[in-house]
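What follows is a set of structures for review.
Across the two complexes that follow, chain A remains constant while its partner is chain B and subsequently chain C.
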Partner chain A sequence: MKKFLILLMAFIMLLSLSACSNGEQPTNPSEISNEKTELTMGYQTDPEGLDPQRTAAASTFVVTNNIYDTLIGVTQGWEITPRLAEKWDISEDGMEVTFKIREDVFFQNGRQLKSSDVEFSFNRLKDEESPKARDYANIKKIEIIDDYNIKFVTEKLDVELLKNFAYPWAAIVPEEEVANLKTKPVGTGAFELKEWVPQQHIILERNENYYGIKPKLETVKLELIPDATSLMAGLQVGDLDIIPLTGDQVKTLKDNTDYSILAQPMNAVQIMSLNTDNKILSNEKVRQAMSMAINKDEIIEASSFGYGDKIGSHLPTTSPDYYDTNDVMEYNPERAKELLKEAGYENGFDIKLTLPKNYQIHVDAGQVIADQLSKIGIRVNIELVEWGTWVSEVYSGKKFEMTVVGHTGRLDSYAFLSRYKSDSEDYISLKTGEVDELLNKALQELDGDKRKDIYKQIQIVLASKLPAIYVQTPYTMLGMQNNVKGMNIFPIDIYDFKDVYFE
Partner chain B sequence: MSKKKNSVYSNYSLLIGIILVLFILFICILSFIHIPYAPNEMNISERFIKPNSDREHLLGTDNFGRDILSRIMVGSRTVLLVSISSVIIGALIGITLGAISAQFKKVVGSSIMRIIDGLMAFPGILLALMLVTVVGRGIAGSIIAISIFMIPTFSRLVNSMMLDTESLLYIKAAKSYGSTNMQIFIKHFVPAMLPKLVTQFSSAVGTAVMIETSLSFLGLGIQPPNSSWGLMLSEARQFFLQYSYLAVAPGIAIIITVLGFNLIGDGLNDFLLKRRS
Partner chain C sequence: MLNYLINRIKGAVIVLFLVSIITFMVLMILPGDPAQLILGTEATPDMVKDLHVSMGLDKPYYMQYGSWLIDFLRFDMGESYLYGESVSLLILNCLPVTLSIALFSMIIATLVAFIFGVLSSVKKDSFIDYFSRSIMQLGTAIPSFWIGMVFVVFFGLRLKWFPISGYVPASENFIKFLKSITLPSVVLAIGEFGLLLRIVRSSMQESISQDYMEMARVKGLSLISIYFKYALRGAMVAPLTIIGMQFAKLVGGTTVVETVFALPGLGRLVLTAVEHRDIVLLQGLVMFITTFVILITLVVDILIMFINPRIKTFERGE
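The block that comes next holds the complex of A and B.
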């Protein structure tokens, strides 16, 4: 036994000695580069292919925006900035826009980008297979002036036209590569795809031929970790540099100086959509009663730990056109009961609430809503469905009674609100046609202040007619190691790794 | 073995098993008489109260401010209802099928037993998952899925026991006196098989509890806001690092129930076998 102990002691001493010598090795600090250039980020939903013009999935655009470029970009403050286009001219009548494209842009396959690629990409965006085709139907002609100048002509006046060129799906793609873009994306962006193992990770590599200021990061590794608790563990042991956070995690990390937190209201709204084709829900008083019975502060506390701004209408608080309509249908359960009685449902009714089970924030909010509605006698039956089922049954099939979901905002309010036109065929629309005229007017109004006023009126109409019950503007929340700098949140749903670096 | 040593009191597994199961049964019965709080009622201002820290919520409250004790109590109804009824249904069908195939050995018997063998090839939870997607989620779906899962074990047991006993003299004697098959089955086979069936029944309930909680953990059992232990565990998962007590109560409840029924099964096995010998 004694011998064993001595041996053990000797072994431990040896180990510690060797550890010491290891520690002394880097005597000259200038020899080692202390600049870290490999970023690892956790993410929760795998992209649906990396072809920006063949999907509507936000998880795709989050990644592709780093691989492809758009003609123009948008800043954190909602301002338009040059990207592939150096400058642009809008004609006096507002019907034409001409872009001057940079002459030093090369695709990642080595070919130079010319205006013919822009034409090709927009035609591809407008064709049958593109899910965003409807948004670009107004562009009736694309005219190539020369290799670096291109003109777009619209059919009707759209004062917000320019913003349509900043969305990640308006990316410029090279014609010769389109067959494989889903798995082998080729763009002009600051990063190129090195490897994508579906359901595992995506590795992006710095594009050495990028026309702009080259990113400081050499590689960005996106690791798929759907579970929020595992993401948090990854951040805490240092495997992950950036992770998306939930509200309760923000509270835990807030006072810890090892991490920095980015928490900002998103350009998005969480709403409870109501199917106005349903006999009960077609009654405006019922919808108003429901809205008054719902305490949004409680929902925000329960679903996002307070990280959310309550809203009364379909525009998020981040939008420049936002108008506060929270007082139109204020929380008032007593009045709600009266309204329900006036509508003839004194004893309440049974109703189904479909919730997308992959989105915890909507499931949680839905459960709180169900509980709050039960207090005025409305019996809510919750049904959890997979996201795919939600899209096909609820969104496309319009087979639902109520559902809680998020809508990602646009840069222009018209595009975001146009679903409320009576002929929009959307799963929620205001079939009574009360905002049709206002929306058309907004599209044609050149004066910014007057346009804002029209959007204000639309928001007020929506807040009282309630084709949906508007709950909150959720927050984007990111947790980062405190040496990560330069990560920003944009009004469109993208991550931009170009300016990210380690300090 | 002396008779004194073979009393219930010296059979510790049986004793502990009975105590655990009685405890769960007590909670279940109590839930019909009195629950401290309405199990589905939310109270957002009182969420995440640690167990008994305010002397009102013995097991604390969850992320919606619902009382965990009340939810555990109401959840016990679901668990016991689903597991016991599905084992009863499964056992009845299984015993019948086993008896039929033992009686008509040739075409009918062997084809039934081959189908049963096929069913047994599937791992339990996988089979249940598959069945739930076919018959639909919820309580009824879980019961159907678990009872189908239970059929093979019972029919195999009955089948083999009947084939064993068949050649014994007293059965042959009964046959020669002209008793019908049904009479022989009820008067002779059933009493001979009863101890083993009871043992099997008890451990099957333990398995059924596991499957039910797994199904509801995966979101295929009872739907929220109603409570079930598996669902509670699954809801606790997202807060596991900050509020780990949320997972403790349903976890312990599941352990107690499964352990209880399994110990009873084990203990009964020892007890009945010893008594017979």
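The block that comes next holds the complex of A and C.
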């Protein structure tokens, strides 16, 4: 027993000694030199497999966008750029699009990419196991012209068709590898997967046969750290080069010159959806009263520390079709009380607010809203549910009264807004049908300016009919060591490590 | 002995079977299913139905359970919906992490509990007794996520003695491995040693008050020999049982600490499986952890038998 104790004590002392000595070591000099080519980024949610056509999870797309390519890409400024396709032609009637594919593209297994792979990938995207099948149902025929030319024919006119080819799930995959793409992705992208240890890390390695300009980074290591404080500590100690930030952390880092911050409005909206099947909420005046009782600036300050743009309708401030509707239902608690009285709820009412607890930003916003509504007599009972329950009960089951959630990541306004069609069966569809005709018109309008005007009208209708109360466009925020350059934020949920480098 | 073992195994099989049914039922009752989660906020009822068919979720519950059970009996735990990886491989990846921190923290907790427990029972109502009684309460009262955060910030960020987060396998670099598990193990140990200390202290007190201790003193044996060789031996049974239970608990329940220190262990895998309604993965994990707990209790029972031959546990089974 004694010997055992002594041994253990010695062991513990040794351990603490080695810990001390290592702590005093100077930072590795290679980390300061210009030649650093290994990037380490912290992330919080594991991907749901690395097959982009078998999930709807953003956590998958941020990674797979670097491994696979799409026919076309999108810039930070929402412009379409060539990617696998050098150029494309849209027929005059807008029903057909023909892509000319690059002739120098090879999959990471060594085989050349041809039109047949594009055909295969889109058929796979349209099959029953694909979560995005609905978005591509309008493509009725895919015609291979030759090895490098391919034509897509649509059933109905869809003026936003081209944008559907830029999403990360429209990736081109090799047929011979599809059985294992979830764990062994094979694409044509600038990086290939070296290792994925679930719950731990993902290592991407530069693809030496990449057809485009070679990335400066040799490896990108994504390290899974679920806790925000630990992420921040990792950045401060220098273990991590890039981390996602929360609003309060931005405030801490802002004045420190060792770090740079990337904070940009996301292509997303945070809304409080109202169930118009509920007797009280079906009353338009009640919804308007609620909207006027809600101070959005206060919510943004409390839930995102000021990093958010308030909105009045269902398009994000970043969208080219965005129209400012904030003045339609301005914050006015006095008028809100009057409206509530007119609606016959002078003494207020009880209502349930369901919040997805995995999303702190929505939970925080919901709590502020509950407090604000209590001031005009509406007693809000908050119910926290986890995401799985939210999806099935609130979203699919429509068993809710009010909820706060985000809608995100679409390039065309139609995809954002189509859920409001009275027959969409969506959880927040506008059942009175005021936007049905406008939405149908928008999809058929070839003239860009006229289309923009239609979207403006839809936004104004939503802002006063309020099937949901529109809160804010939240920000994407990344904290980086100040020698990291070239990291950008895109209107779709992706990271692109191709242009990232160390200065 | 053999009969005893056979009886234990029989019991274990029944427990495993019941646990698997309960897990399955709980996940069926919980709202939300994997197909809906995969489709997310893009889903239409038709799409959910189609995906149900291709994932085999449209079959009745008992058939789903039956086919899982048949695979399990063939030692095939299936493939996770979420990761597309085999469940046994996922568990095997996470096991070393959880096992190392559970083991290391139990070593720390045991050491602290025995040193202070023995001292405070020998010197009852002295300074050391009060001291150990107060740290005992402190350890139980402080929430582990909070002390974890404090450790990360102080030892990781300030002093830079230990890495902030992450896990380094022992095979890669042993010193780094030890450093990566030290902080989480200490945090876990802080939560566990209080109970153990209390048990050691009371068992020791009882043991010291036995007649044979008087005999040992009269015989003129050294104090260390009296307390550590004779008194402690008699006082081992209860603490050992507790150590076994605590260790078993840690193997399945280190989720919070794993999250704070970003350790890829079993606890977080369980959490992920539940959040994504990955029933195949969850069943595999629950089966594994249950088996583990059963084994630990068996080992503890056998150990106690060797330490204190007066207790012949196995005879009860005959």
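In the analysis below, the second predicted complex is superposed on the first by the 468 of 503 C-alpha atoms of A that agree within 3 Å, B and C clash if a C-alpha of one lies under 4 Å from a C-alpha of the other, contacts with A are read in each partner's own complex, and residues count from 1 in each chain.
As a working rule, a contact is a pair of C-beta atoms (placed from the backbone, for glycine too) under 8 Å apart; a residue touches a chain by one contact, two chains touch by 3 or more.
This one's a predicted model, so the numbers in the text were calculated from it and none came from an experiment.
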Superposition on chain A - do chain B and chain C clash or fit: fit
Touching partner for A:Gln367 - first (chain B), second (chain C), both, neither: first
First, second, both or neither for A:Ile80, with chain B first and chain C second: neither
Partner chain(s) touched by A:Leu384 [first = chain B, second = chain C, both, neither]: first
First, second, both or neither for A:Ala343, with chain B first and chain C second: neither
Partner chain in contact with A:Thr246 - chain B first, chain C second, else both or neither: first
Contacts of A:Val153 with chain B and chain C, given as first, second, both or neither: neither
Which superposed partner A:Thr229 touches (first chain B, second chain C, both, neither): both
First (chain B), second (chain C), both or neither touched by A:Met95: neither
Residue contacts with chain A in the superposition, chain B compared against chain C: C
Smallest separation of CA atoms, chain C relative to chain B, angstrom: 6
Residues of chain A contacting chain B in one complex and chain C in the other: 227, 229, 233
Partner chain A, residues of chain B touching it in the complex: 40-42, 44, 47, 63-65, 219, 223-225, 237-242
Footprint of chain B on chain A - complex, ascending: 227-229, 232-233, 246, 248-249, 252, 298, 301-302, 357, 360, 363-364, 367-368, 370-372, 382-384
Residues on chain C engaged by chain A in the complex (per definition of touch): 30-33, 36-45, 47-48, 50-51, 53-54, 82-85, 90, 93-94, 107, 111, 149, 152-153, 156-157, 159-167, 175, 178-179, 182, 224, 228-229, 232, 259-262, 264-265, 268-269, 272, 275-277
Interfacial residue positions of chain A with respect to chain C in the complex: 1-2, 5, 8, 15-16, 18-20, 22-23, 46, 48-49, 51, 54-57, 128-129, 131-134, 180, 182-183, 197-200, 223-227, 229-230, 233-234, 236-237, 239, 358, 386-393, 395-397, 405, 407, 425
